[in-house]
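I am attaching a structure below and will ask some questions about it afterwards.
By written order: A, B, C and D. Residues from 1 in each chain.
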Amino acid sequence: MKMDSLILKTTARLLLPNLLLFSLFIFIRGHNEPGGGFIAGLVASAAYALYSIAFDAEQARHVLGIETRLLIGIGLVLALLSGFFSMFGGQAFLVGLWIDLPLPSPFNKVGTPLLFDMGVFLAVVGVTLTFIFALEEVK
Amino acid sequence: MEVILAIVIGGLYAAGIYMLLRRSLVKLLLGLGLISHAANLLIFTAARLTRAASPIIPVSEEAFPASYADPLPQALILTAIVISFGVIAFALALSYRTYKIAGSDDLDKMRETKE
Amino acid sequence: MIAVSVLSVFAVALLSPLLFRRQNNNISPWLIALLPLGLSAYYISLLPSAAVGNPLTFTRPWAEALGASFSFRADGLGLLFALLISGIGTLVVIYARGYLNQKDLALFYPWLLAFMGAMLGVALSDNLILLFIFWELTSLSSFMLIGFKNEKEAARSSALQALLVTSAGGLAMLAGIILLGMAGGTYEISALLSNRMAVQSHSLYLPALILILLGAFTKSAQFPFHFWLPNAMVAPTPVSAYLHSATMVKAGVYLMARLHPVLGGTDAWTYIVGGVGTLTMLIGGYLALSQTDLKRLLAYSTLSALGTLTMLIGLGTPLALKAAVVLLLAHGLYKGALFLVAGALEHETGTRDVTKLGGLFRVMPITAIGAGVAALSMAGLPPLFGFISKELIYETGLEINLWLTVAIVAMGLFNVFIAIVVGVGPFIGKQTKTPNKAHEVPFSMWLAPTLLAGLSLFAGMFPGEVSSLIISSATSSVVGEAVVVKLKLWHGINPAFLLSIGTVIAGIALFFVRNSLRSVLQKFEWKWGPGYLYNYALEGLMNFANWQTRIIQHGYLRYYLRVIVLILTVSGAVALWRIPSVNLISSFNDSNTSNVMFYDVMLAVLILGSALVAVLSPSRMGAIVALGAAGYLIALIYLFFGAPDLAITQFAIESLTVILFVLAFYHLPKFQTFSSASERKIDAVISLLAGALMTMLVLVAVDVQIASSISHYYIENSLPLAYGRNIVNVILVDFRNLDTLGEITVLGVAGIGVYALLKFRKGKE
Amino acid sequence: MNILLPLPIIIPLLTGIVALLAYRSRTAQRWLNVTGSTALLIATIFLLIGVERNGIYAVQIAGWLAPYGITLVADLLSAIMLVLVGIIGLAVAIFSLADIEPADETFGFHQLYQFLLMGVCGAFLTGDLFNLYVWFEVMLMASFVLLALGGDHGQMQGALKYVTINLVSSAIFLAALGLLYGTVGTLNMADVADKFSKELSAQESGLINTLAILFLIAFGIKAAIFPLFFWLPDSYHTPSVSVSAVFSGLLTKVGVYALIRVFTLVFVQDMDLIHNLILIIAGLTMVTGVLGAASQMEFRRVLSFHIISQIGFMIMGLGLFTPIALAGSVFYIVHHIIVKSNLFLISGVVKHMYGTLKLKEIGGLYKRMPILGILFLVVALSLAGFPPLSGFFAKFGLIREGLVQESYFIVFVSLVVGLLTLFSMIKIWNEVFWKELPEHVDIPTSAMNQAGLKILFAPIVVLAFITILIGLGASPIFDLALRAGEQLLNPSIYIRAVLGDSP
């Protein structure tokens, strides 16, 4: 399914980077304000979804630059990895570890929950785009 | 307020179940969607409603106001929403494939009980 | 060592196929026969200690929590059986070598040996659970042996029949054993034997007795469970001789004899066991009269013998028990021999029809002699062991009453007739033309019948030795206390002897009118017997199973769902109704109805409206839009009640869901209405009821608070310990991050699934 | 134990993810699947040994105090179930190497398989009800895809029913969870149990009973009890044999496990009525399942109906509710998982030999493959409760306890069902092994080479051996089951292990 509309194409092309930036913003502020990995992931996928509707799935895949299933895998790996750090220290699985950085809030605290959230973000993007691209590519 | 939402929940369940009971595959999918709405709303309502502040600690403060919405059910619902999103996507793909193979979306024709 | 003797048979059974890996191996059967031969010798060596009441025992703990132990005991009764099993077993192993071809032997011996081991286990176990295990193993190996010629439908169905009947009894027996164990406080047989009073006064005595007897009756083919035995004659003849006359069918008799000291002596015992035994004795003998197939003849006469044994054990007088033990041995010897003769005849002539056999004495003299001696023993003529046995049985009858004597004499008459038909008839008169030209059978095949016949003669000649060697101690086991049995061949002329003479003469007379006798009896054949009932029940069961499955597992998804929803609704409603002080009115109380604002009501109406549109919309797009609208409106609710994260997520997901629906529905057909108006009405009622239940559940649950929420912990610790202000997010990525990990896994799997379903092409790599 | 406890979740998850990342290489995925399953088996064995020696393990994942974070708990029941997952997981993983079609592997069989194991393990380990829901979903989602993988007609029809009905069950579960949370404000099972154990008003206990019914229905659907089992016989015969083998062994048992867990830990107050209800359901489940099996003429459909029938035995112990009865249930589950999966695997060999599993089109296998015949007989008779195989002791324990408790009706039913089970196993035996191959049927020239057959046989032989071992060595395993049963009937041990000594 695709729509041949110049307006749509232009909009999509313009929106893509902006939406991605916006999703990054949502992601970062998520720990303190409404937002977080899920929502950010959904926004990012929406950007590519729009692009794929405006152009087609193949071009959207090209712009994405990575196989969506791989993205799922990487997201899951990050989430899982974030749980290992504490195990090396003899603590339970998935315990949050934090370090302080000399940066302004919200960047002053970096910890494994953020890595976990990052995994969530990537996995959501990967899955959503897998859905959408696969459905669009159905003959 | 709970009464109103309880009725809404009942209505959503009724609508969803009715759609599940249809012979048409396509309608069944819509039924699944409605039921998942109903279930989420049920958790939300059963955990008691409040118009109080959302469970976010304002930046200026270190502690939390006395009245707040219960964050735990929200987290649960969020999880449930995302899971049912995945499930519905899969169900859609499954229906597509079934339709392609069976050539019909009449569920009554899909009852290969004997082999 | 006893345990080893039993287990060694299983070990050899497992290994025996290896002996037949080479082509044309003639020695293997002889090698295998060494095992039961050696075991016989071993069991004989145990006899003296058993005779003085000091049997060899062996015990190892096993599944103690369940009451099973690995204990064996070789008393007189057990050894008598063990000797029958291993002795006749030796001969059958040798006999089979001539009877079956090389290729079949490799599949035959393992099961024959497994059977032998199981049977030895039954005879020597001192624990009821252990005994039951071996008991069932005999059923299984018997199944495999009856169905040995498994290409034949008859073999398969007869094997199944035997298995089902004996297993059904076995299961009843299992329950009986458990009850007996509860009544007697143990499963160890030797301990139970000394616990008679406690068992018989226990309220579970009668059920335990009946259930155990069911097991014994089915195994020993007592009326009305007798029908499987004649059908089992499709088995190769060595099997019939071994299992279905000499050993396995006597397992039931054995069990009754074994438990007689615990369970016997009550009215219930006497009437049930004695009654069933008498019936079987008469019915078996009567049915045998009209048979012309050698093996079926023998099978029915075996029924009669089993009935006699059961009857004697049921009567339970010392004389009767002595007679039972003697008959047990005598019958094993002569019936085994006669079966093997029948096999030899079939093997040589190609037929088992007695009307087609005659005058074979000239071509098969050795077989004929063996057959004749065995037949005389069966007919109860001196100086054979069968005579002693019969005299004892007649005496038992005379001791008790007239009616029983009449029944016993009838049995004796049948026996004489059958003995002549089987053991004498085929060899005398003019030689008939048979499908194959008959020759004398090879050594391996005449050895067994002649040896068994010879033993009948030997035991008849030296009854004193036989009784002091084994009969006494075996009888002691059955009676439950030490008794001394002195057998004599000649008792002088007494009523029993006179009756004997009468039955022999009458039997011979019957033989001369056998053809007209058969034709008369065949007219009265009764087809509504238990065998018919079995088939009828099996067919009925299948019909019922098919009907039930069609009703339940019909394949219509919507009816499945209907059932589930109905069960949910009904059971939920019942449960709610049982809660005290719950009714619809009380749910609409102040706390639930307060605080309603106008836009809440608007929102509710809108959501319900969109749900209704989604249900009723005739177009797919309309329904999708309505579904999406409902989702967005619900997001608004989340927003109003302090859940902004939820609201945003719901918005985003709902949008994506709508996109997915649109993309998918593009490829799916338009809405169609398949179901009828009445179906729709029923479904509407069902779903409204289910919805109402959910409403009620929410209202009731909201009113009950057993404990307050644990959420305060998150509020207090989110910032100081988890460094996040958005508590929902902190719960997701920290407090309950395992949920989230699982959830993204679900998503990932869904991704793989959607990809696979949409991209999959057969054969594509 | 901090490390050991989450391993049954981590190992398959990691394996699955790596296999997903290696989606291009079929070979790598095959190796990963077997390696991961082996690692899982080892981990679960260590866990069982640990729990057996040291009592219940509990770990607070993410390090938060008990009712607030998610607790993983392994008592004996959980540990036993996990070992079974390990055994079946490895057996089927090996079997699948020769059974699964290359295309299915390319589209993610090995990844999905590991995710399935992860979901199952998670369900057995978690001490949190909502977390249980999540693991259910992981397991279900993976099973949905595995069921549909290959995408032929029958599979789609089966998958549709399977998916829909299981989603309904999840929806009921979720609703019950929501109501439960609203009532007690917590989701940790031990915490819920603790809060339910105080003095309750009539209204409160009435509501708890209602919730118990909801849980009974939700888990009952997954466990395939009467009359909620429709999804099972319509789907289990459709996918590849490896998939039905692992389903048959593990999936319904998760439902049974959940029933046992909540009805020994959470819903324990004043439950006589529900126990009687469970006994009635157990009887009906046994009967309808076994009759269904009797009516079928397809290998895997017969087996599928038998699963249902045996679920009845498993919940019979729950209905009787004594230590020995629960031990009987646990023993039965152990036995059933080993035996039932193996029967499916054997059906797989038959399928590879004949290209079909319709009993009418098969025959003469006893002469062709006597060893397979004997293996089948051992396993099938064990299923039918024939002594001295594993099934006998499983049944024996339950029947004995039923008689002790004077529940004569259920004992009678279970005995009759045992006979009918034997009947339908013998039907398969007669049709597949004894009967001659029907004349009109041609045996396909099997593409399976000797090496392939060896791979198929290896797990079958090992599992059959385990069956015999469980029978002959019934004592230690029954003792273990008995201790598991005693643990289950003393929920305070579990609660203390999770919440700590101070309430």
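Following the convention adopted for this analysis, a contact is a pair of C-beta atoms (placed from the backbone, for glycine too) under 8 Å apart; a residue touches a chain by one contact, two chains touch by 3 or more.
Worth saying up front: this structure is predicted, and the values here are computed from it rather than measured.
Looking at B-D and A-D side by side, the one with more C-beta contacts is B-D. Per-chain CA centroids place chain B at a distance of 28 Å from chain D. For the pair chain A and chain D, the distance between mean C-alpha positions equals 36 Å. Distance from the chain A centre to the chain B centre is 24 Å, each centre being the mean of its Cα atoms. Rounded to a whole number, the gap between the C-alpha centres of chain A and chain C is 61 angstrom. Multi-chain contact residues of chain D (touching two or more other chains): 13, 20, 61-62, 130, 134, 137, 141, 144-145, 148, 151-152, 160, 164, 168, 175, 179, 181-183, 233-234.
Among the residues of chain A, those in touch with two or more other chains are 32-34, 38, 69, 72-73, 76, 80, 83, 93-94, 96, 124, 127, 131, 134-135, 138. The set of chain C residues touching two or more other chains comprises 553, 555, 557, 561, 565, 644-645, 649, 653, 656, 660, 664, 667, 694, 698, 701-702, 709-711, 714, 725-726, 732, 734-741, 743, 745-755, 757-760. Judged by the touch criterion defined above, the protein chains are all mutually in contact, each touching every other.
Chain D makes touch with chain B in their complex at residues 130, 133-134, 137, 141, 144-145, 148, 151-154, 156-160, 163-164, 167-168, 171, 174-175, 177-179, 181-183, 187, 233-234, 237, 297-298, 301, 357-358. Those residues of chain C that touch chain D in the complex are listed here as 61-68, 107, 129, 132-133, 136-137, 140, 143, 147, 150-151, 156, 160, 163-164, 167-168, 171-172, 174-175, 178-179, 182, 541-542, 544-546, 548-549, 552-553, 555, 557, 560-561, 563-565, 567-568, 571-572, 575-576, 578-582, 694, 697-698, 700-711, 713-714, 734-739, 741-743, 745-746, 748-750, 752-753, 755-757, 759-765.
Remark: chain A residues 67, 69-70, 72-74, 76-77, 80, 83, 86-87, 90-96 touch chain D in the complex. Taken in their complex, chain D has these residues touching chain C: 13, 16, 20, 26, 61-62, 64-65, 67-70, 102-103, 106-108, 111-112, 115, 118-119, 122, 126, 130-131, 134-135, 137-138, 141-142, 144-145, 148-152, 160-161, 164-165, 168, 172, 175, 179, 181-186, 191, 195-196, 200, 202-204, 206-207, 209-210, 213-214, 217, 221, 227-228, 230-231, 233-234, 288, 291-292, 294-296, 305, 324, 327, 366, 370, 381, 386-388, 392-393, 396-397, 399-400, 403-404, 411, 415-416, 418-420, 422-423, 426, 430, 433-436, 474-475, 478-479, 482. Listing the residues of chain C that touch chain B in their complex gives 553-558, 561-562, 565, 587-588, 591-596, 600-601, 604, 607-608, 611-612, 614-615, 620, 623-624, 627, 630-631, 634, 637-638, 640-646, 649-650, 653, 656-657, 660-661, 664-665, 667-669, 671-675, 683-684, 686-688, 690-696, 698-699, 701-702, 709-711, 714-716, 718-719, 725-728, 731-732, 735-736, 739-740, 743, 746-747, 749-751, 753-754, 757-758, 760.
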